[in-house]
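Mind looking over this structure? Questions follow.
The chains carry the letters A, B, C and D, assigned in the order they are written, with residues numbered from 1 in each.
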Amino acid sequence: MSSFQPLRGVVPPVCTPLDASGEIDTASLTRHVEHFVSGGVHGLFALGSSSEVAFLTDRQRETVLRTVVEAVAGRVPVLAGVIDMTTPRVLVHAEAAREAGADALVATAPFYARTHPVEIAHHFRTLRARVDLPLYAYDLPVSVHSKLSVALVRELAEDGTLAGLKDSSGDEGGLRRLLVELGGRHGRADGPAPGFSVLTGSELTVDAALLAGADGVVPGLGNVDPAGYVRLYDAVRAGDLDRAVKEQERLVELFGMVDAGPESEMGRNSSAIGAFKHALRLLGVFAEGTTAAPQIQLGEASVALVEERLRGAGLLPVR
Amino acid sequence: MSSFQPLRGVVPPVCTPLDASGEIDTASLTRHVEHFVSGGVHGLFALGSSSEVAFLTDRQRETVLRTVVEAVAGRVPVLAGVIDMTTPRVLVHAEAAREAGADALVATAPFYARTHPVEIAHHFRTLRARVDLPLYAYDLPVSVHSKLSVALVRELAEDGTLAGLKDSSGDEGGLRRLLVELGGRHGRADGPAPGFSVLTGSELTVDAALLAGADGVVPGLGNVDPAGYVRLYDAVRAGDLDRAVKEQERLVELFGMVDAGPESEMGRNSSAIGAFKHALRLLGVFAEGTTAAPQIQLGEASVALVEERLRGAGLLPVR
Amino acid sequence: MSSFQPLRGVVPPVCTPLDASGEIDTASLTRHVEHFVSGGVHGLFALGSSSEVAFLTDRQRETVLRTVVEAVAGRVPVLAGVIDMTTPRVLVHAEAAREAGADALVATAPFYARTHPVEIAHHFRTLRARVDLPLYAYDLPVSVHSKLSVALVRELAEDGTLAGLKDSSGDEGGLRRLLVELGGRHGRADGPAPGFSVLTGSELTVDAALLAGADGVVPGLGNVDPAGYVRLYDAVRAGDLDRAVKEQERLVELFGMVDAGPESEMGRNSSAIGAFKHALRLLGVFAEGTTAAPQIQLGEASVALVEERLRGAGLLPVR
Amino acid sequence: MSSFQPLRGVVPPVCTPLDASGEIDTASLTRHVEHFVSGGVHGLFALGSSSEVAFLTDRQRETVLRTVVEAVAGRVPVLAGVIDMTTPRVLVHAEAAREAGADALVATAPFYARTHPVEIAHHFRTLRARVDLPLYAYDLPVSVHSKLSVALVRELAEDGTLAGLKDSSGDEGGLRRLLVELGGRHGRADGPAPGFSVLTGSELTVDAALLAGADGVVPGLGNVDPAGYVRLYDAVRAGDLDRAVKEQERLVELFGMVDAGPESEMGRNSSAIGAFKHALRLLGVFAEGTTAAPQIQLGEASVALVEERLRGAGLLPVR
């Protein structure tokens, strides 16, 4: 692990382009990697929730990861989600990710079966012991229905099981408690877990998270506007909070694209991912805006809203 | 589907014996099939939640299913759980289950990503259209965090998408509404979905469910005492409710084996499955009581409780 | 407590008639008591959830209870709900209920503030110690967001804190475990808490609950058809399960009146209580079908559905 | 409403001192008001969740409010919580609060009965129409189990129903969306609801909320260290984010006092409120650290932790 630098900056989860039949559109995916890298991102997170990892077969996951790793060609680190229900199944994905060239792994707590915190700790320790790659915990109670406690994350950070945390719990108070326990905004390097990276998945409050000492962000909306998140990150690093807040506010307005009309018969997941994918289509990155089965596809009114928000944020027309 | 009879009776979910390394113990599994068949069960449900399906790799799932199908040798139908997050991943399992010789498939609603009821309906319809086996919906909100509504199940029953329902929702009022809408206890054959099977997974109220018109039961505790559930089923069919209640009460007491002490650091899932597996070990069916990672293993006090409950129910010493 | 017989039979929660201004309509309430008593009920539960107790001011609660007690005139016992957030507030209601002539009290676990099971036990013990009336625990997680465990209820039953339980948790498996621990269907009198009454609030599975050994039922739908629930109860007591199931199935169909259309902008609570109240209006018992603020009133289509269900169940035209 | 200035700054919820018998200790409460005012707070919120409002009888609520209003003597505005289940009951509290001299009211969405968003809007509109005081919505899903949507708050802000929001939902992303929709950090005065106050209840991320444009904070921990929150607020207003973050980090460490040991048999609510009250006792403000029934009292080890955190934050010894 010594050669792997603590992860910092903007590390977007990579949306997965699909063709009309639901297969991976590798040409669009390669274009998307360039979209990210030219936007200045500091890393990429393939096979996360925004990548529709839950909807991809093992074969498709491998195609995605190999395509991303090849297109990135070492310019930034590639984190790979290894999302499945329990330790034995996650281990299969972890081995596959290692072989496909991932630089690090991202795993959630177990789901489907109810699990005790001691079992969750055992889960992460087993993953770390069995596959020799830096391991990030992905705290995502909305999907896995358990929350990683501050005490558990701290324990696994201090003993070297975890290289970092991707916090998508929405519990900003808990995140702040963790950051303070690890040394606060300025004392992390001398704290109990010096190399530990804290990344927030809360894409609407990135200025606040960075102000509090988070190392970076994994923004789903970063698919649409990677350069915007990089500007936001740079502004905070430069101490220009006014500029950071303005950039964040622009991104919050852009995020409004996920609001499919109340008449839409679709899940919250399919409306958000569908909006990002159609935005990428309108931006010329993706060939299609298709989401995976059984998700309902975005209707015309929702696509029009996406376009409106892109224009409002200055992303259309493409310059 | 015409050759497949509506499923009735006791259809236990098959616990999966593991050796100390976590691999499938096929010898114990074969013995377990005989334990079930000699107990008089009317079908078997492999790869369900009580089978630790969430903890088994795809390779292990195949081993389990082929072993069960071979050991059963056509004596009773074998249902196969195809448990995964979304339609594309479930389809992979469904194809594998068909090739391994399953007689029917059992699928939950999608999980991990939030899904709209219209998307859930689309999920089941796609599964049915793509794999030519009878399909059972598995209503398990405790694991998948959405509930199949009476209206949705009825719609999918009437249009032939579903051959039946395994209801583990614990919502007995909703189940009763469904049964009444389908014709009630005596009018099901003339109702809107005549061949549709309703199986309850509520193992502690089987007498009540059968009284209300359910066709059968999928009892996790049926791993330990299949003959007891068969006697309970037969008593209700024979109209001897007094005998049925007494048998159910004996089984409720036996079920107390799942209560690991409050000091135990284990999940509710691991304590229940661990108890069933240790009971099977004490009964001479399983070689080990091991549960899959990352579950904590049952402690001595909990195993002693299992033994006590087996004696109390007259199952030990083995005759 | 010695003079208070264990409660058995049908004990409906009494809907509270309101006039157009939201005030208690005592004339309708007095008629409603006669509707119940002439239907043969074994007790009445005033100021429960179906009574809109959460919507009534303290002054209105007193009016309701005094009106019911006076109209009942000792013919059946009157239980009074003392529904509020915590012990000090519930004690105020309990004193008022005692002064208004209630025969017993019904209290939930605390709500609004998160409470530990030890604090819940302390809550019930304090209530019992401070007001000398039999105390029933009301298990209603849908409203109070905590579930009374089998162990807690058993402890409070054995030490005499509780005279009984009104179980509206929907957890029929847990209820069965409690009944078996208390001695099962036939051994309750010799069990650890001989006089303890178990009443189910699950109005769609009363046949099943009585079969399992419950003492009685508190059916919201019993407002509309008290005589139907009494026939159901009597059929089970007489051992005629076939008749009981048929009566229960008729009541399940009648219950369909609570399904306001999906287009309705109203809560589940307001649609169910509104349906019962409009049914009582159509039956000539209530002057109005008004529900309390801020509930939305039933629309015409929903009222038409109520009427249709009343006709279907043979309750209209009134004979 | 024209004379009531938009509320800004630090507006702590006032903990309610109780004597050993559970009665209001008005002498301590009067001292506590001085503790707040001398700390520089900009308003006080009496009868909120941290005030144990759920545990106070109506008579005690009146005593609390009259004591606070008298002690404050107009130096800062006094907001009064009117916490109860539904509109009719809240109206009783609202009238009482107006008579006791409150400057504004704070109400949650209805609870106990499930309520539709349209009914929630009707609730707030009725309260505003019937009692002529500025009305704040209190978004507290952990207690009332429904979340006020951005759209609903915005609608009630624009039409003048609400004077402001106290957001204790923990949904910082939603709060940011609301702030941006209302004009963002700098454009609120020209936005769709110019006088609307947004106060956060998230006491561990106040720097972030103020950075994003919130008008103020309602910190439970502000009972213990009002001057600290005032310094934090002033630092942000002065544009000194570094100082703000340092102050916030000190307060986050101080907040660790709420962690009662895992062995404690008490609810999360009783451990937090108990910690604040014992801290006030150690600071010489309260005579006792007693919390209301049925809460378990803090044990010695927990009290020692409180003392340790007070010392760590420089609040002990009292200077």
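Going forward, contacts are C-beta pairs under 8 Å (C-beta built on N, C-alpha and C of every residue); 3 or more make two chains touch, one makes a residue touch a chain.
Treat the numbers as computed from the prediction; the structure is a model and nothing was measured.
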Problem set entry | Neighbouring chains shared between chain C and chain D, ordered by label | none
Exercise. Where the centre means the average of the CA atoms, what chain is farthest from chain A?
Worked result: C
Exercise. Among A-B, A-D or B-C, which chain pair copies the contacts of C-D, with over half of them the same by residue number?
Worked result: A-B
Exercise. Chain B to chain D: how many Å between their CA centres?
Worked result: 49
For this session: Please work out the Cα centroid separation of chain B and chain C, and write it as a whole number of Å.
Result: 34
For this session: Name the residues of chain D that each touch 2 or more other chains.
Result: none
Exercise. Drawing the touching chains as a network, do you get a line, a ring, a star, a complete graph or other?
Worked result: ring
Exercise. Within the complex, which stretch of chain A touches chain B?
Worked result: 22, 49, 52, 54-58, 60, 83, 85-89, 92, 110-120, 122-123, 126, 142-145, 265-270, 292-296
Problem set entry | Of all residues in chain D, those that touch chain A in their complex | 170-173, 176-177, 180, 184-185, 202-205, 207-209, 211-213, 241, 245, 248-249, 252-253, 255-256
